[in-house]
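Take a look at the following structure, please.
Which chain is which? They are A, B, C and D, in the order written, and residues in each are numbered from 1.
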Amino acid sequence: MENLIALLVAAPLLGAVVLLCGGRRLDKVGHWIGTLLAAVSFGIGVALFADMLGRTAEDRTLTQNLYTWIPVEGFQADMAFQLDQLSMTFVLLISGVGTLIHVYSIGYMEHDERRRRFFGYLNLFVAAMLLLVLADNYLLLYFGWEGVGLASYLLIGFWQHKPSAATAAKKAFLVNRVGDIGLSIAIMLMFTTFGTFAFEPVLASVGETSEGTLTAIGLMLLLAACGKSAQVPLQSWLGDAMEGPTPVSALIHAATMVTAGVYLIVRSAAIFNGAPDAQLVVTVVGAVTLLFGAIVGCAKDDIKKALAGSTMSQIGYMILAAGLGPIGYVFAIMHLVTHGFFKAGLFLGAGSVMHGMNDEVDMRKYGGLRKYMPVTYATFGLGYLAIIGFPGLSGFFSKDMIIEAAFAKGGTEGWILGGVTLLGAGITAFYMTRVMLLTFFGEKRWQPDAGGELPHPHESPKSMTLPMVILALGSVFAGAFFEIGERFLKWLEPVTGYEHGNPPVSAMTVTAATMVVLVIGIAIAWTMYGRKPVPVVAPRGSLLTRAARKDLYQDDFNHVVLVRGGEHLTRSLVYLDHSVVDGVVNGTAASVGGLSGRLRKLQNGYARSYAVSMFGGTVVLIAATLLMRAV
Amino acid sequence: MNPVNYLYLAALLFTIGGVGVLIRKNAIVLFMCVELMLNACNLAFVAFSRMHGNLDGQIIAFFTMVVAAAEVVVGLAIIVSLFRTRHSASVDDASLMKL
Amino acid sequence: MSTLTSAHSLWTLAAEAPADRIPAPTIEYAQLAPTLIVVGAAVLGILVEAFVPRKSRYYVQVFLTVAALASAFAAVVGLAAGGYASGKAHIAAMGAIAVDGPALFLQGTILLASVVAVFTFAERRLDPAAHGKRVDSFAAQAASVPGSDSEKAAVKAGFTTTEVFPLALFAIAGMLIFPAANDLLTLFIALEVFSLPLYLLCALARRQRLMSQEAAVKYFLLGAFSSAFLLFGIALLYGYAGSVSYAVIADVVDGTVANIDPALASTMGNDALLLIGGALIMTGLLFKVGAVPFHMWTPDVYQGAPTPITGFMAAATKVAAFGALLRLLYVVLPGLRWDWRPVMWAVAIVTMLAGAVIAVTQTDVKRLLAYSSIAHAGFILAGVIATSAEGVQSVLFYLGAYSFVTIGAFAVVTLVRDAGGEATHLSKWAGLGRRSPLTAAVFAVFLLAFAGIPLTSGFTGKFAVFKAAAESGAGVLVVIGVLSSAIAAFFYIRVIVLMFFSEPKADGPTVAVPSPLTMTTIAVGVAVTLALGVAPQYFLELAGQASTFVR
Amino acid sequence: MNFPLLTVTAAVPAVGAILTAAVPAARRTAAKWLALLFSLATLALAVLVAIRFDPSGDRYQLTESRPWIADFGVRYELGVDGIGVVLIGLTALLIPFVIAAGWHDADPLETKSTRWRPTQGFFALILLVEAMVIISFEATDVFLFYIFFEAMLIPMYFLIGGFGDRAHGGSEENAATQRSYAAVKFLLYNLVGGLIMLAAVIGLYVVAGNFSLQEIIAARAAGTLDMSTNTERLLFLGFFFAFAVKAPLWPLHTWLPNAMGESTAPVAVLITAVVDKVGTFAMLRFCLGLFPDASKWATPVILVLALISIVYGALVAVGQRDIKRLVAYASISHFGFIILGIFAMTSQGQSGATLYMVNHGLSTAALMLVAGFLISRRGSRLIADYGGVQKVAPVLAGTFLIGGLATLSLPGLAPFVSEFLVLVGTFARYPVVGIIATTGIVLAALYTLVLYQRTMTGPVKEEVRSMPDLRLREVLVVAPLIALLIGLGVYPKVLTDIVNPAVEHTMSDVKQTDPKPEVDVEAKNGEAAK
């Protein structure tokens, strides 16, 4: 059975190779090949899942060792896979949602002449992401980690002719690279500490080393997670990443890739358990990002950017949960999965709206669309309810668990974290309601596009609506399905470990409190955007609004400090290289030339001056000889 | 009289000749200064030969004279041909090649 | 009174020494054969000038010269084969001339170099034929004033100065004796014998005769000046040791002399005589070698003299002079090593650096090569200073390698011509590589050899001398030598850049197609350069076997 | 003595050079094919060497030894260890691509002189360089190595100065001066380095009395040959200086940007991918082998210089306006990594460094050759003159991107393996150094992606609108390189198996052992098994 694992990766990889090397002759069928191979991967995943359910919790871990990747004295990196419950969860999410989004893209990218390459990139992404979650050692994980980074780079910059897209892609890659420093240093630390970096031995022997080492490793892993999962301070790329086609935003920048950071932390649970300080930092990062993303989400008028902010915030929840340790891991993953459903659904919905509105993204130019695109409205609505945590829908369960766990952390920490999560829930309700109202309710505020014609909103084709429906179903029922009989908990517990935290206040109270902030958030949104008409041109807004629109100036900070500073640095170094380092060399040559020119003058053509030099020379020679004897 | 004094005289002559070469312009005079130096050498040879009481030095002196004569032949030939082309025997005028 | 008695004693002494007590000299003619052959040929050459009709003189002279040199070389080989280079090495001609390894090796080198050099003398295809008669690069009639009617008449009559061949032969004869000279008198005579003809040869250029004559004058005056120093040095050494024989002087210096009469005892005590004398003799030899600060004649003379002569001088004179220097330092003054080594250190360093540095800004090919020869003199001195068998071996090898590179290089210079004769200004060489790749490539090979790039004889030689110097503990000298050869590399490279990488000038010079004579010269030059670069072992062994002086 | 395979491997390209040079001026194409043929024959021989080489056998194999210059204690001694084998393979592999890529680079613009045969000269010189590089990888005699280490400068010099990039900015005259400046700079820099090494070589002879690498190493190990500490350090510095110039190591690097900028792309590849490797190779074989203690003594300084090279090279690369100069500075950064790996003195670091030499060769070749194709189309080296190429020439852009990704050592491509090994190896002994070096991966991404964005993406510039995509010849050049990059990226075992034993020998030369991990998991498992 385990021999199938490689096929999980191989199928989409094959697709990528075929599509990218196939050339124009595949333009006709390219999208079908791509979708098919993604589906194949999903099928294999399901098969393995069924097989895994058939086993007892102990031997649910499958491994497949292909060959030794990098064999060097004392340094063994295997091309080996490990499939346990955690990986399996991701496999299903990735290949499942991935397949759906392939289907969606068939319709969405219909009019793009480079659709074949788009599907090639998508397949490449799926392959890399599966490699990431299936790797059995950190180096191979790094391989997948960078692979998804590449895919993300290619897809964000898919419309390269737009400079903004190209820039966004570059930015995403660079920021991720900063995170990668963390990952590689973490791997080096593991190598120097344990002499290996395969999951099993490392995680098994964390007890043998000092807490300091573990903290260092943990923090480095966190840095990596921040880069990939757009957590503060490395979050700046996610907003720009929305330059990519919407299916990309849905798959990579909502459902799967950005959650890799969570996977990394949960996977390294043992390390973090041994390093409380690292865990604290993780929770702090999660909390900050949670609020950061939420606030940004409130102010954006670009529907995708608003959703991006929301994604950031939701991942903040997961990271926070992961930082809580055994009480949080499971819920982090659970929220990750449910989030995968509803956020993907929301993005696809947004894509469908843009599809109908001539690619208009400014929500202030939407309004009253519910009549025109009912399916989109319905699915988007369900996704909305799910994310704000409407009782009974997926978001309700997963988020509630995280809030409880936060309180259960105990002590002031617990209260602070709990409070933050609650507040976040409220803000989430606010900005999602805002999106909902601006897009589907109120009066039409449609504006003529560049071509000068008013948009004619219409429902999207089946190939696009179908995935939206499926995802909507997921966002409705997934949570309940996981929660009934604590299925998900039992499923993951063997891998991540679990201990039940007991919050200072009862679970009911927490839920109630959640409901309250939820209602408040919705109410505020309604008063601001529901009751009175919305201006097409955004008002100047309060200081906070303006700050939030500009991502709380964090980008400007980067620009001024890093970009400008870097430019100055490079410029001065180029100057240094040319005038100092090279100057010294040329200077030496020049000085020899000058000396030569001066010495030449001695050769003045007069025989008698030559005689003088001879005479002088002789005298010196004699003097020197005598001197030699004297001393 | 101490034969060493002859050596002092020789050294003196030699130096005079040498300085003459350095300060005079006319090629012929220059050349005569060189001859003076050679003769200073001869004097030294003879004096030494006397000191050591063997004849080598005196023989060498004869050789030197012959050589000097040969030098005169060659030298004058060259100097004269130079003089005929430039109408000047000043060595300082012969400075086409420099630097 | 005292004078009277001394005069009387002198007289009685003379009286007590009857004439028949003077032993009749014994001369080993066979062992002096090389020199004698050359001298004889030179004398014959004079007769040829006197009696053979003008038409056929050229051919007779060329034949005579080449034959003489060839047979002389054969004689050298014979002697060497006869073991005179090693076992039977001894001092011939009543202690006047040494027949030993270094002498024979250097004589052989000089003779070979002379042969190829003489080929370039005999070259008659380069200059456009004047009045239907082929002409070489020597003045039609040296005696006639440049530009005068007599000169025009001489040119019209198609005169050529065939005297160059006997002159060259005399010079070569002197050079053969110079490194073999085993007493100071012979040294001096040999010096004059090869100097005087060279002074004349310098004045014989067909073109730019003013410069040629000027070169001759400068060379002559300075040469005479330096030989005066040499002579005075000889006088002082004689005074010190009471003899001019190398062996005796050496003994006296070492203090191992057999019977010390009072006069000798008094002079022996006076080291000033010894030191000053030695220094003066050094001066004379360093002048011929072209070491700083006695080098200043070199650029002017090299530039003014007819190029074939320049090549001949640059190669053969250096070989002879260094031979003499070696013998003097290794046979006569080894006892004085600790006095002259530091001084020679300084001279070597200054010579290497000055030669390399000044050459950087030269604009005339011949002057450039002159300065390069100065720098090379510095390198060879580094080997001389080693005062070890390896040192001698390395110097011998270097001289052999260097002389062929030099002659070849100057031979190439003779080929590049424009309306005014040889185009020696560097700017005229621009783009030569485009116009005639072969010539440029050959010249490049010589330049790389000068620069000491591996796989050329230049590198092997440089390695040999530096190795010897380093083994004798002169590490600093090696480092400085290495640095100066880096500087030197710069200007050799400049010429290559000029030839290959810059666009040819419209009015650039043409490359004359030479006769087989010059071709042989150049071919031999290239062949030796590469052979000694790739497979030097045989020649190193040869030099090694020849590296012991007889005393 | 059996069949002298190594000699033949080096001789074949030399013979090829002579024959190519001899082809008459009119038969230009024949010369090209002849050169290609010989380079392929050499490749075949190199493969044969790799096959005949037994990783588990002696340290030096296929050895040959003949007397050469007894008076200098010099023998003609050849022999290859694993490192030599892979580098010979790299050289023999790249040359055919270089020749194919430079197919039209040396066609005379106008045939004014029939004697002047640039094309023949171009390809002959390339083959000559190949021969000399190969033999310097084979030489186990210091003198023999030195000879060719120096001699190879001359053909390189003519390649740089004689066959400049036609896509220069200014006038022909200006370009010529630039070119000869670059060529002279290249030669003098390396000549000075080489001459200083010459002094050290002589010094070595004075100390050791012969030049045989194996004998000297053995003697030093046996203690029969003792150098005073200072002597050893001086000699080491003499050798290292030359290699550092060749490599090149900051601050001796400034010749490389000029040389690569002014020469044609294939020649630039020849410089940085083949010739410069001799420098790093020699550090491993000679500096560490002959002067272990001095190497350890100098390590701190060298590590700092390597770090500076890495960061400085990358930053300056970001600031470049000329594509080829950018690649040059990127190479300087990469050589920093190689030297770092060598002097980290860990088996990971040194295996990594060796792989790095190969992988850097491949990646730079891919990037530089594609850049060359790009430049030849537009006739400009300035990044600013491009834009939106991806739209008109997708294949070109794609290959360019892959080359770039290899340069920033993306996992899955060969350079990642080597770079990570170097970093791990360095980190294991010098954690701080390792961390600083790791920042290099961000900078690498920066200059690569900036280059790609400025040239390939964005709105299509007018001048490139009619730019043709890669031709078949060009695809045939690039495709195999990319295939190799990927292949060695996912299966580097083929190389590591050959390299590891050699690295172990080097480690034992310098008497160094890898630092032990804090927690020995292997040992723990062993106990668990008991």
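Please note the rule applied: a contact is a pair of C-beta atoms (placed from the backbone, for glycine too) under 8 Å apart; a residue touches a chain by one contact, two chains touch by 3 or more.
Every value quoted in this text rests on a predicted model; they were computed, and no experiment measured them.
Using CA-based centroids throughout, the chain positioned farthest away from chain D is B. Measuring from the average of all protein CA coordinates, the nearest chain centre is that of D.
Chain C and chain D have Cα centroids separated by 46 Å.
Look at where the CA atoms of chain A average out and do the same for chain C: the two points lie 81 Å apart.
Averaged C-alpha coordinates put the centre of chain A at 97 Å from the centre of chain B.
Centroids built from CA atoms put chain D at 66 Å from chain B. Each of residues 589, 600, 603, 605, 607, 611 in chain A touches at least two other chains. Under the contact definition stated at the top, the residues of chain C that touch 2 or more other chains are 217-218, 221, 225, 299-300, 490.
Counting only residues that touch two or more partner chains, chain B has 18, 21, 30, 91, 94-98. Going by the touch rule set out above, the chain pairs that meet are A-B, A-C, A-D, B-C, C-D. Residue ranges on chain A touching chain D, taken from their complex, read 20, 67-75, 79, 139, 142-143, 145-147, 150, 153, 157, 160-161, 163, 165-167, 170, 173-174, 177-178, 180-181, 184-185, 187-189, 191-196, 201-202, 205, 208-209, 213, 566, 569-571, 573-574, 577, 581-582, 585, 589.
Considering their complex, residues 1, 7, 10, 14, 17-18, 21, 27, 30-31, 34, 37-38, 40-41, 44-45, 47-54, 56-57, 59-60, 63-64, 67, 70-71, 74-75, 77-79, 81-82, 84-86, 91, 94-98 of chain B touch chain C.
Only residues 393, 434-438, 448, 453-455, 459-460, 463-464, 466-467, 470-471, 475, 478-479, 482-483, 485-486, 489-490, 493-494, 497, 500-503, 535-537, 540-541, 544 of chain C touch chain D when the two sit together in their complex. Interface of chain D with chain A (complex): residues 185, 188-189, 250-251, 253-254, 312, 315-316, 318-320, 347-348, 351-352, 388, 390-391, 398, 405, 410-412, 416-417, 420-421, 423-424, 427-428, 431, 434-435, 438-439, 441-442, 445-446, 449-450, 453, 456-460, 490-493, 496-497, 500, 503-504, 514-522, 524-525. In the complex of the two chains, the chain C residues touching chain A come out as 217-218, 221-222, 225-226, 229, 271-272, 275-276, 278-280, 282-283, 287, 292-294, 296-297, 299-300, 338-340, 342-343, 346-347, 354, 357-362, 487, 490.
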